[in-house]
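So, here come the structures, one by one.
Here come two complexes built around chain A, the first alongside chain B, the second alongside chain C.
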Partner chain A sequence: MIFLLWLLVSLVVFFGLGIITGWLERKLTARLQWRVGPPWWQNLADFVKLLGKEVVVPETATSFFSLAPVIGLAAVTTAGAMILLAAFQPGSSVDLIVLIYILVLPSLSLILAGASSGNPLASVGVARELKLMLGYELPFILALLVPVVKAGTTNLGVLFRLQLAQGMTVGSISGLLAFGVALLTIQGKIGGVPFDVSEAETEIASGLLIEYSGLLLGIFKLTRWMLTAVAVFFLVFYFWAGLSRVPSAIGKYLLIVILLVLIKNTNPRLRIDQAMKFFWGWLTGISVTAILFAYLGW
Partner chain B sequence: MEKKKKVVVPIGPYHPLLEEPEYFALYCDGEMVVDVEWEAGYNHRGIEKLCESKSWDQVTFLVERICGICSTSHPIAYVNAVEDLAKVEIPERARYIRSIIGELERIHSHLLWVGLAGHFLGYNTVFMWAWKYREPVLDIFELVTGNRQSYAMMKIGGVRRDVRDEDIPVIRKVLDELKPKLEMLTQAVLDDPVLAARLKGVGVLTAQDVKDYGAVGPTARASGVKIDVRKDSPCAAYDLVAWQVITCQEGDVFAKAVVRLLECFESIKIIEQCLDNLGKNKGPIEVEVREIPPGEGIGHYEAPRGEVFHYVRSDGTNRPVRHKIRAPSFVNIPTFRASCLGQTISDVAIILAGVDPCYCCTERMLTVYQADNRRKIMDGREVIRLCQEKTEKLREKMRKR
Partner chain C sequence: MNLLTKALTKSLWVFHLSTGSCNNCDIEILDCLTPRYDVERFGIVLAGSIKHADVLLVTGIGTRKNAKRIQKLYQQMPKPGFVVAIGACSCSGGIFRDGYPMAGPISSLIPVDVWIPGCPPKPEAIIAGLVSLLGKLK
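Let's turn to the complex of A and B:
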């Protein structure tokens, strides 16, 4: 019952945060490109407009077509609730491993969506998203292990609070390396450039989401904004002692969003094989090194 | 029969990669493209037939509307063809002005391509920056000719308008300001490791492929084939100024980008020399051509995308009896078969864009209706008047700088 309440809180908090973060991403991108950019309520307006549009379900689609967006949104809300619960209710028993599992679901829902729409471009997108997921999950999990090695527990609440006593995780070499890896893998998770291979507008015309319209597309868009907010929120608390003070937490949140936007706007899209090499080569190597450093206590 | 089993990934007829209807069927095995077929002709306008019903002078305006980006290359090739037919020698000042307009067009066209290539790679920052840098070039066009596109400068026997003396320092200033920006953009493209990873060794077209397919322009020059109509068969002022043909050896998309970016600097060099000569050379800008005798004429010009070729035949009346046009993309597009097979879908998208296939974008507004009562509030004439007022304002602003 209590968790249901947290779910509701998470939906409200991350809906708002997602809309604002999505706008921030667009506005910063626009300013980097010498454009004006949209007003702050643009993403909300987009979402509301999509709700009122006709939903076209292709004849070739299976029944998962309508279910997939709901799964994605539910997963993101659950992940958000778990992080909020761990952060703001002392003594909660939220586990990191469960969170990692839940965070896979939004990508899986995208794959389900593309596979059930029966479009050749979507099928290319599905193949790419599957490979990409295999790519970024490995370094993502390894990077998240670094604080676990340091603290010797997978309890999220403890991991969040321990930083208040021992100093923030990014303060150490291993923590900094892990933070960098986590930042890049999260760029892959939210499908931002250079890892937007599964949508790749100019190659496969939005790939996975090509057949989606109206309410269902709206939910996918919302899920993506909320996932960005949840992921950045998680990074702030997990690596950067977000619990310490509210103003500094907001500053850290903004800084990470800016970093993500900068990565997005200073790179072209990678090919899927290059993305895989990057995740399994460089990032995995760095995160393994970070774990070794963590064992050594650096 | 074999390829029917493969998945067909359609690019077109309407696709974010293409600004104009065209259809590429990519036969794919997983991500790898094993066969490509292409179809064009979704937007056939019958320009050659239309030309036969226009007078010699009117055709200049019609061929200008073949393409919005090459909108002075077609007229130059056409007037070359008619002058070849009528054996007309144009004044020197007109030759310099033709070169200036042609080279300004090359700069804006190449910058447009760099931007689009960035967009196709998902690198939208390059897209926006390149197009921002392109904007001053269009301002020069508006200053000199009155239009951002479709400049109507070419005329059989010379050029239609003179370049005013007071505009020359303004053009120089804008070009001077453009140079560091172009250098920055070129360095950014050359030094970016991720761009290099995406473009180097992708879609390689060997010199032999170029000869087999008859490819032209930067597509050919990037493969080390040194062909350029401006050098090989000089028209306008290209034999009166010093400049170089830029070539690369690799033949990949990266080389095509390098050739285009470096050509912009050569173009600036040509324009500056032409401007020097305009100051010294105060002759007439046209010779009067009263009659077009019966006969045949050919004219060609190096458009930003390669050689554009025009053929005209006259029977002594006031209109051509036959007008044949060959645009560069017509020979460049089939090279896809040589460069795309065995590549991945991601790479094919940029290879297709790498030859800079020409897209037309010249549809224009004629009537403006009020939204609520559907009353006509502005017609074509009114819109033209507004445009002219805006041009005058821009001229004043640019001269004051």
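Let's turn to the complex of A and C:
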């Protein structure tokens, strides 16, 4: 019952945060390109507009076509609720491993969506997204292990609070390395630009989402914005002692969003093999090093 | 004006279709996205797939080979959707009106909401056309 309440809170909080973060991404991109960019309610207008559009379901689509967006949204909301619960209710027993599982679901829902729409371009997107997922999950999990090694627990609430006593995780070498890796893998998770091969608008015409329209597309867009917000929120609390003070947490949140936008705007889209090499080579190497450092107590 | 229509006027997603244009109109459309004109200020962005689009921008005369495809794309566009014909070619056939591949003009293939003449129309003219589309919506 109490978790239902947290789910509702999470939906409201991350809906707002997601809309604002999605707009920030567009606005910052526009400013970087010397444009003016859209007003702050732009993403809300996009979402409301999509609610009023016709939903076209292709003849070849299977029944998962309309189920997939709901799975993605539900997963993001649950992940958000778990993080909020761990952060703001002392003594809660939220586990990191469950959260890692749930954070995989939005990508899986995208894959389900592409596969069920029966479009050849979407199936190209599915193949790429699957490979990409295998790529970024490994370094992502390894990077999240660094604070676990230090604290010796996977209880999220404890991991958040321990930083108040011992200083933030990014303050140490291992923590800093892990934070960098987590930042880049999250860019892959949300399908940000160097790793957006599965959507690639100019190449495979939005790939996974090519057949989606109206409300269903709206839910996918919303899921993506909310996922960005949840992921950044998680980074702030997990690596950067987000619990310490509210204004500084907001500053950290904004800083991470700005970093993600900068990465997005200064890198061209990677081919899938380059992305895999990057994830399984560089990032995995760095995160393993970080874990070793963490064992040494650095 | 209800909320959904209001949201629609603030967030037009555009699908760009070239059907036998000389490519000049297409370049002028891209001009609208550059820092100087920046139509994203009004929520207008290019969509990668017709299923995401609210507006079908057509340039070119609508060749015989493309005629069927234009109609198909129009049918696939989720409603409410609008058609904007850009350039003299798509409005009337322009300099290609007596050419052998001519199957258009576009308005003989699909219902057109706004015509933007010019060869090519300036970005200002395209923005003026979009504004008149918004006026029509209201």
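Simple rule for what comes next: the second predicted complex is superposed on the first by the 298 of 298 C-alpha atoms of A that agree within 3 Å, B and C clash if a C-alpha of one lies under 4 Å from a C-alpha of the other, contacts with A are read in each partner's own complex, and residues count from 1 in each chain.
Quick note on the criterion: a residue touches a chain if its C-beta (ideal position, glycine included) is under 8 Å from a C-beta of that chain, and two chains touch if they have at least 3 such contacts.
Quick caveat: nothing in here was measured; it's all calculated off a predicted structure.
Contacts of A:S248 after superposition: neither chain B nor chain C is touched.
When both complexes are overlaid on chain A, the residue A:Q89 reaches neither chain B nor chain C. Of the two partner chains, both chain B and chain C are touched by A:W34. When the two complexes are overlaid on their common chain A, residue A:A127 makes contact with chain B while staying clear of chain C. When the shared chain is aligned, chain C comes close enough to touch A:L51, but chain B does not. In the superposition on chain A, contact is made by A:L270 with chain B only, not with chain C.
Annotation: chain A residues 33-35, 201-202, 205 touch chain B in one complex and chain C in the other. Residue ranges on chain C touching chain A, taken from their complex, read 3-5, 7-8, 10-11, 34-35, 38, 40-43, 46-49, 51-52, 54, 76, 78-80. The touching residues of chain A, when paired with chain B in their complex, are 29, 32-35, 120-121, 123-124, 127-128, 193-194, 196-197, 200-205, 265-274. Partner chain A is touched in their complex by these residues of chain B: 7-10, 15-17, 28, 30-31, 118-129, 132, 192, 194-195, 197-198, 344-347, 349. On the chain A side of its complex with chain C, the touching residues are 26, 30, 33-39, 41-42, 45-46, 48-49, 51-56, 199, 201-202, 205-206, 209-214, 217.
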